[in-house]
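Dropping the structure in here first, questions after.
Chain IDs A, B, C and D follow the sequence of writing; residue 1 opens each chain.
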Amino acid sequence: MKRKMSVFCLVFLMAVAIIGPDLTWAEDPKEIKIGATIALSGRFKGIVGTFKTLGNEWAGLINERGGIYVKEYGKKLPIKFEIYDDASKPENARKYYEKMATDPSISFFMGPFSSFISNAATTVAGKHKIPMQMVCANDAVLFEKPNYWRVGVLVPAEDEWERLVPIYKKKGGVKTFATITMDTLHNKGAIKGFEEDLKKNGFEVVYSVVAPPPTKNFAPMIIKLRKAKPDVVCIEALSPAFTIGFLKQMREAGYKPKEIIVGHVTKHVIDALGPYAENITGLAYYYDGDTQDHKDFLEILRRSGFTWGEYMESGIRFWAYTRIKQAIEKAGTLDRKKIMDTLWNMKTKIMGLDSFVTPEGYGALGAWPCQVQGGKFVSIWPLDKAVKLHNYR
Amino acid sequence: MLEINGIEVFYGDYQALFGVEATVASAEIVSLLGANGAGKTTTINTICGFIRPRAGTIHFDNTIIHKMSANKIVEKGLIQIPEERMLFPDMTVLENLQMGAYLGRARKKLADSMDWVYGLFPILQKRQSQLAGTLSGGEQQMVAIGRGLMSLPRLLILDEPSLGLAPMLVAEVFQVIQKINQEGVAILLVEQNVHQSLKISNRAYLLENGSIAMEGRASELLDRDYIRESYLGI
Amino acid sequence: MEIAIQLVIAGILQGGLYALAAFGLSLIFGVSNVLNLAHGEFLMLGGLFCFLIFSATGLNPFLIGLMILPFAFFLGYIFDRFLMRPLAGKKEHIRLMSSILVTLGAALCIGDVTSFLAGAEEKGVDYSMPSFFWGDLYISYLRLLAMVMIAGLTVGIHYYLKKTYTGRALRATTQNIRGAMLVGVDTSRIRSVTFGIGSMLASIAGVFYVVLLSISPDMGLTVTIKYLCIIVLGGLGSLIGSLVGGVILGLTESIVSYYNPHWGQTAAFLILVLILLIRPKGLFGK
Amino acid sequence: MNRIILGIVLLFLLIFPVFNLPYLNTFLIILFMYILLAESYDILGGYTGYINMGHIAFFGIGAYTFGLLWNTGLSLYLSFLAGTLAAVVFAILISFPLFRLQGAYFSLAAFALVKLMEHLTLNLSSITHGSDGLKVLEGNRMIPMYYLSLLLVVAVVVVSFLITRSRFGLAMASVREEEEIAFDFGVPVQRIKTTAMVISASFAGLMGSFYTWYTIFINPSMVFGTEMALMPIAMAMLGGSGVIIGPVIGAVFLLIVEETLWTRFAYLHTAAYGLVILLVGLFMPGGLVRLRPVRRFLIRVGLFKEL
């Protein structure tokens, strides 16, 4: 009986040891650790899974230069990401942020992908008073309640499409719009803002539909679309399957609008559509017109093995990393409160653009109109920075 | 032809057969008697390869069969006609019979065996395009026997062929069994209808609580008091 | 009126696509009595291989689809041989449970390994054919081709099941497994063959999927659920049931989606629950 | 012996928050949630043999009812009660049509109900906020959450234990083994099944309410998701369906495996996780607890209560 007890205790201790936190930390920080969860599995894997590489490559680039200078210690410290897989589930994200919150060597949190997972993560940041910068999360639901310990990098979802309207206003030739939206938090917000913008500028929205994410059969919607005869068809969906499915079926139906706008256009959408993708207009959190301040970004993209056009959201990541670096440098310490103060008040430039945080906590990074031309994704707006001119189909 | 040596069968921790021993010689009719739960069905399912014995051996034609899979045993010519008949309800009578000749040896003699079966059960020819599931109990029994014969058995095991049949039909079934036997097919007959089966058998075994309680020539057993009292109710 | 015709056409074409993969799932359930939660993974793999070969060679995707058939058959065969056969001897209740565990585990495993090796991104083959237009009506030739292939396969499978010895053995196994063993059918082999056929049908559906829509490694369970719905609707193990079930689902989805896309998606599950209320064993179940 | 072990484990869990390990606390809360879901699933699935692939529907209904009512300003306890009641009412309503079905039809129809609920919550967005999800009041309530979930787990295990010792439990087993014979012998089969489902649903509904309280934000795919629906069932089967300790062991085992894989490997952990499920299904068809050495050990310490 005694032996059994000891076996039992041993097994239990082993279990605790396996799942327990690492109990080793240095008193004097040797590195700056940034904690984050990324969806390396689950339904968001296809969209954000590769950003683990991007982050590590960025850290590698900074570390090659010695790291980030922290005044308090009078030296440059290397930077390191600690990344867990949240499997696209908020409860996992929360669990791992809690895990990282117990590690005093982690001085900073990066948010997970999507608003509802970020929601769970910001709670942890607020509770343990750890600065968190959210990436790829810009829904109103996150900013409803004040939380000092989180800021975003993006403009609100409603403003994501705001730079598109001026193109059509300037160029003319299109009058009526149709929107097809996947039923998710972010997509609905973006289209809502866009439609309001269109109406304000005298355009007409002739058909507007919100369809659930698993929709495969778009024929009934396309029948209505053909009746409404819009000049511009806009598809806003986080899931590429939705976008590809819709566009392939619109092609089958032989409907040829003057312009197609795809909110989340990635390399795989373009590949799946082949020549049909030519002149699809989209949005990216980056423009490639002015390259003087973009060298680092292009370098980490090169090292990660993808082009910016493959992932419209790579720009957000780079922006977020850079802001962390700037905040630590500016605060000159790893003190969490001071870093957070700096994040709120810091006004800097990243990639030649103003970077700041609004009083609600939104960031300043907006999306730039681009277009698929010659199989590549090129900036078309604003005109002074555009690489190519915008074409109708 | 068939030799069963001391097989022991377990269902989990529960032992069902305790060293059962029996033989069937060629061209013989042997009865396996016993009350409900005595282990008759377990015995024949073990012979047919549905259950593996934990100890003991089964030989058929001097080959060990208790480690073979059921379909291999069928291939050797050891055919069971189960109590539940196990027809293919959504197939026609003809298809059911054709399925009987599924294996190579029988497939070649399909036409001959078809004639043989239709000779034994003329009514099946009339019913041949009817779905087996829609037949009456007696007709289903005929299809089951017919399907077994299509496999060209050398030893036919019949499990309760008379169960649930009208008395008229019961007599007919026993006649047919004798006819089949005359063609040179050995028969192992498992029956609750002790009187009838002993009358047509050469030898018989009596199973009680999972072991052989008695064996001998059928005519002898018919005269034993124990059998008369316990199973014939005389 | 035009709209109605157009909706019916769209619904039937969509339904045919559903039926194709459901057919294979139904066949597997009929013979082995297991719920194969990994069926969608076979579909995904079929689509993925089509995509990979297409990217490398640029051949006609349907030709590629035919080329990968033997491979799909082999995959299904060994899946059954090594993962399902050990469960065959178990008690009914235990077998259903174990098969759920094994196929669920396999589905997660296949999906994740695929996404690790081939990337998690959405993949689609760029292949299109002009549609057939008649006034305001249009019929997609691609989908029509899918329908023709499905019809051809249905006839072929029907013939195979009725006339060949293996096909008959397969039906026999569905109807009474013990009986099939008694006439000498090697039921474990038949099971594996059925899995192979089911996997072949799924991979053809996968080819259509990757041409008409797009595939991703994590789609497996989602489509499996839809196909499970269809075969329950039609009656488990009933082949005609899975065809009718697929078409019913496609039609309802199309018609309801016309009025409200949200309820179109709901219709599938609603109609399944309603039909089971009236017929507890599905439309053609026994 | 078994009392000593149980006592020690329970005592340890009771004083656990003192150690102030928030990560392990959250881990344990999630663990308790899965144990409860697996165990409450097993009340119907393991004891009566009806594999209810729709178990998570009760959970989701509880979650939404709680969230909606709590947001209207109803008191916390009443909201919990309402969440539970909603699941119970739903269980009673669906039990009549659902129990007409047998075997795989039952399982799949129940699963279709989950998907139906998911779509309904998405579509009835004027009530449920659809895909925007439902947000409830935030707050730092780690300690009460921990104790509440612990209490719920203890409660479900105790109820399962009481069931196995009662005539009701015996009747459930008779339904599982031979439903028709049980019916012929006068066992009120329908009532037994409905009662089992109601008990099973009440716990799931309560846990659903708790989940909303815990995550602050829910949306249809979180509470009615496919993986969410299948995991508790896989856990119960993995541990050993029909044995009280089975689902507990299954949940603990699978979650620790998951956690180890998740934190140690960035990739392929889902594959490894799937492989574990597959291997258990293949080689231990009765679940971990029916593995001979495990069973022998559990019998010796008196924790192997099979129905």
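What we mean here is this: contacts are C-beta pairs under 8 Å (C-beta built on N, C-alpha and C of every residue); 3 or more make two chains touch, one makes a residue touch a chain.
By chain, UniProt protein names: A = ABC transporter substrate-binding protein; B = ABC transporter ATP-binding protein; C, D = Branched-chain amino acid ABC transporter permease.
Note that the coordinates shown come from a computational prediction; the quantities given were computed from them, not determined experimentally.
Q: When you average C-alpha coordinates per chain, which one falls nearest the overall C-alpha average? Tell me, please.
A: C
Q: Pick the pair with more C-beta contacts: A-D or C-D?
A: Higher C-beta contact count between the two pairs: C-D.
Q: If you average the CA atoms of chain B and of chain D, how far apart do the two points sit, in angstrom?
A: 49
Q: What is the distance, in whole Å, between the centres of chain A and chain B, each centre taken as the mean of its C-alpha atoms?
A: Measuring from centre to centre gives 73 Å for this pair.
Q: Could you put a whole-Å number on the gap between the CA centroids of chain A and chain D?
A: One centre to the other, that is 35 Å.
Q: Take the average of all CA coordinates in chain C, do the same for chain D, and state the distance between these two points in whole angstrom.
A: From the centre of chain C to the centre of chain D is 31 Å.
Q: Give the residues of chain C that touch two or more other chains, as numbers and ranges in rising order.
A: In chain C, residues 112, 222, 262, 265 touch at least two other chains, as defined above.
Q: At least two partner chains per residue is the criterion; list those residues in chain B.
A: none
Q: Could you list which residues of chain A touch at least two other chains?
A: 41, 183, 212
Q: Taking all chains into account, which pairs touch?
A: Touching chain pairs, listed by label, come out as A-C, A-D, B-C, C-D.
Q: For chain D, which residues count as touching chain C in their complex?
A: Interface residues on the chain D side: 49, 51, 97, 100-105, 107-109, 111-113, 115-116, 119-120, 122-123, 176, 226-227, 230, 233-234, 237-238, 241, 267-271, 273-283, 285-286.
Q: Which positions of chain D touch chain A when the two form their complex?
A: Within the complex, chain D contacts chain A at residues 1, 5, 21-27, 30, 119, 122, 130-133, 135, 138, 140, 214-217, 219, 222, 256, 259-260, 262-263, 266-267, 269-270, 297, 301.
Q: Going by the contact rule set out above, which residues of chain C touch chain B in the complex?
A: 165, 168-169, 171-172, 175-176, 178-188, 286
Q: Under the touch definition given earlier, write down the residues of chain C that touch chain D in their complex.
A: Per the touch definition, chain C meets chain D at residues 29, 35, 83, 86-87, 90, 93-102, 104-113, 116, 221-222, 225, 228-229, 232, 236, 262-263, 265-266, 269-270, 272-273, 276-277, 280-282, 285.
Q: Mind listing the chain C positions that touch chain A in their complex?
A: 3, 6-7, 10-11, 13-14, 112, 115, 119-126, 128, 130-131, 133, 136, 138, 140, 142-143, 212-214, 216, 218-219, 222, 250, 253-255, 257-258, 261-262, 264-265
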